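Report on the structure given below.
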Amino acid sequence: MKQEIIKSPISTILVWLVAVLVTGTFAWILGDIIFHGVGGISWEFLTTAPEDAGRSGGIGPILVSTGLILAVAMGVSVPLGVGTAILLAEFTSATNWFGRFVRRSLDILAGVPSIVFGLFGNAFFAKTLGLGFSILSGGLTLACMVLPILIRSAEEGLRGVPDELRLGAAALGLSRTTTLFHLLLPAAIPGLLVGLVLGIGRAIAETAALVFTSGYVARMPQSLLDSGRSLSIHIFDLSMNISGGDTNAYGSALVLVILLLMINATAAWLAHQSSSKYNDSYQFR
Amino acid sequence: MTVTNLDNSKARTQQPALMRTEQLSLSYGKKIAFEDVSIAINQSKITALVGPSGCGKSSFLSCLNRLTDLIDNCRVTGRIFLEKWDVMNRNIDTIALRRRVGHIFQKPNPFPLDLWKNIAFPLKEHGVKNRQEIDSIVERVLKDVGLWDEVKDRLKDSALALSGGQQQRLCIARALALEPEVLLMDEPCSALDPISSGVVEDLIASLRQKYALLVVTHNLAQAKRIADYVGVFWVRDNRGKLIEFGEAKQVFESPQHDLTAAYISGHRG
Amino acid sequence: MTWLEDKISSPSKLNKSSQFDWDWVLVWVLRIMAAITGAIVLLIVIFLILESLPFLLVKGIGPFFTDPTWNPTEGLYNFTPMLWGTLLATMGSVVVATPLGIISALFCQYYAPVAMGNLYRRLIELLAGIPSVVYGFWGLVVLVPLINRLHPPGASLLAGIIILTIMILPTIALVADASFGKVPQEYLLGATSLGLSKWGTICNVVFPAAKSGLFTGVILTVGRAIGETMAVLMVCGNVVETPSSIFDPIRTLTANIALEMAYALGNHRSALFVSGLALMAIIVLLAVAAEVITVTSSPVTKNS
């Protein structure tokens, strides 16, 4: 092994060095968070309310708010996204102006910075629609944000369904509605789920879009119109505005990272499922 | 050398044709797949279409039940009649049309559902709701295709677990359940092993009494064995044409066209 | 395969007038949904403009460049320091992250053993999903004190560049990896059979073939770096001042919005929306640039 390294050209050594550097940096970051965070996590931490501006106590209400924001975001974006994906994948030809318009807007939407989503959410949901700083405002803002991810995966899921199924169904005189709900959507479910999971991952990681839509209030929310502090905002607030908040910030950061690891693993597993599903029975064209 | 005119189809039919096409042409974008095809399909007869690969046989079949509606950038001109019904009319009920004109594909394409549902689900969609009625239809069509004894104990298993030949027969059963009048079959045996192929061929022959069958095949021997009428497609100028159409006996024994003669004697194609 | 509109016949209208036409309902419901989706970008632009107008109509864009400084309570609205902050942080991080990201992708594709390459790719994917607030937090508690020891105050342009580099590296690595994956295997075999070394093959065959993908990746990354808010906000010090060294604190446009939106009113709020509108314009321009690169470099073959 050593000999090989000595013999290999500079470029090879460089490439390996970069890989080691990158891996090392990320190990450092994750290691630091795990090392400092793991002591803080306990059942009590996860369930009790923050005290003393978050320096002590737990993150119970914050997890609830985060869950509610996610529920609103996914509850709105999933139907909208799946519907749009169906239209784009099944009912629109590549040259159709409407389809092209929607695709183009989605491409742009995918690149819009989260702080701009925050501005928009503040102006539209909080101010114009009068929802104020609330879980609903924050959730709706995130819904707009995750739509491109959802739609892309859902479209891929639908395109993965072999055309034989569509032709076979049409040849039996099945209507498009029936074909869609009984054959195409069930076959596309793994793809749809990948989108859902990736969307949740994006939404749960978001901070900037929530700062002035769902707000900072760390109390247990009583309704969707209450302001609710998400986990990411909690980390931000503890580390930036509260001196002595680092211990709990580490704990919250670790919780967030663990949630994301679980989400990623689920997405990878689902993607694997969906790619192997049809290979056995139908060949792709 | 001119392509023979095919008006003999009118002379030979005593009964009015169940389905017929007039000057049917189809193009994908700028590419013309086939041109000027006029044939008639009769009740209780097997009509075979033969010809080299890429001459538009599959495309021709998908015009007859308007599956072409699903294909991007494809344009069909000419006329198609099912009895007196103008199939090409934009406003016809395609669902009813496809119920009357069944289609079997080259590659078996059962739904990823269980066996029973593969047959029952389209039936339900066409308004057969009574469970007993469905069960009896499922049993009848599976017996018709000779699959009943093989699968009657595993109707709840996934259809994708069947062998290729069984899948193809299931697809035929699924089509028969809707009681079509015309059955279009696109090389129904070509994806199957010789034994399954033989079974499906016997099945096709046995369906003759009840249906009008239009069968595409690459297998001339098969066409000879089962067909009452034969149409020969050929590619000229990069587009498909029907160069010969007539009674099987006549086409095979005294073909009118040189290319047909060469094709059936194995010199070309 | 699609059901094309002009070919959709509505059977039940003619023959089964008693039965409700679900297909028709379905298509229209889907169209409405897609219209809502497509309208979001327009809505965003419209609201940014509406909220920006009060300022723009009264003062125009002059004050953003000619006022002595940014001090909204005194009615001073100079964006220049923040523009510099965003520009320097973005450029710095893109310049560092691009080679690192591309080399990471090379590692996955050509240098690492297959299993290790896949593992490394998984790692990068994971890192792409880590929230910016977590990176920012790490930067704040680990990186900033380190830089502080080197050269106070610590919260600085340098910290911002490092954090942004770490955050955008996964994006560029994944895009580069995907475009390397699309380079036909025959090219590589051909080059190897000509006796080119691995690095020679990469420079002469892989890079040219993957060029447009790499460019698109870099553009995407630029957008990501410009738009990044929280992590930068947490490590850059946020002093409104054009930096004169890499150890000086900076404030970016995005951090400025996040810091001040909570209490901004009137012209101040409107000015913040103007900066949001500017960000949006940059993103649209980048999207157009990416599109142009993709279209011009890969001739679109229409299926005949």
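Going in written order, the chains are labelled A, B and C, and every chain counts its residues from 1.
Convention: a residue touches a chain if its C-beta (ideal position, glycine included) is under 8 Å from a C-beta of that chain, and two chains touch if they have at least 3 such contacts.
Remember, it's a predicted structure, so these values are computed and weren't measured experimentally.
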- State the smallest step count from chain A to chain B, taking one step as a move to a touching chain. 1
- Query: When the mean CA coordinate of each chain is compared with the mean CA coordinate of the whole protein, which chain is closest?
  - Reply: A
- Item | Most widely separated chain from chain B, with each centre as the mean of CA atoms | C
- Note on the structure: Between chain A and chain B, the Cα-mean centres are separated in Å by 48
- Query: Per the centroid of Cα atoms for each chain, what is the distance between chain A and chain C, given in Å?
  - Reply: 16
- Message: What's the distance between the Cα centroids of chain B and chain C, rounded to whole Å?
- Response: 53
- Multi-partner residues of chain C (at least 2 other chains): 1-4
- Item | Sites on chain B at which at least two other chains make contact | 69-70, 72, 94-96
- So which bits of chain A are touching at least two other chains? 93, 166-167, 175
- Query: Of all residues in chain A, which touch chain C in the complex?
  - Reply: 9, 11-12, 14-16, 18-19, 21-23, 25-26, 28-29, 32-33, 79-81, 83-84, 86-93, 96, 98-99, 101-102, 105-109, 111-120, 122-124, 128, 144, 147, 151, 163, 166-167, 175-177, 180, 201-202, 204-208, 211-212, 232-233, 235-236, 239-240, 246, 249, 253, 256-257, 260-261, 263-264, 268
- In their shared complex, chain A is touched by residues of chain C numbered 1-5, 22-23, 25-27, 29-31, 33-44, 47-48, 50-51, 100, 103-104, 106-107, 111-112, 120, 122-127, 129-138, 140-142, 166, 169, 197-199, 202, 220, 223, 226-230, 233-234, 254, 257-258, 261-262, 272-273, 276, 279-280, 283-284, 286-287, 291
- Item | Interfacial residue positions of chain A with respect to chain B in the complex | 93-94, 164-175, 178, 182-183, 186-187, 280-282
- Note on the structure: So, in the complex, the side of chain B touching chain A is made of residues 65, 67, 69-70, 72, 94-99, 102-103, 105, 107, 109-112, 121-122, 125-126, 160, 171, 174-175, 178
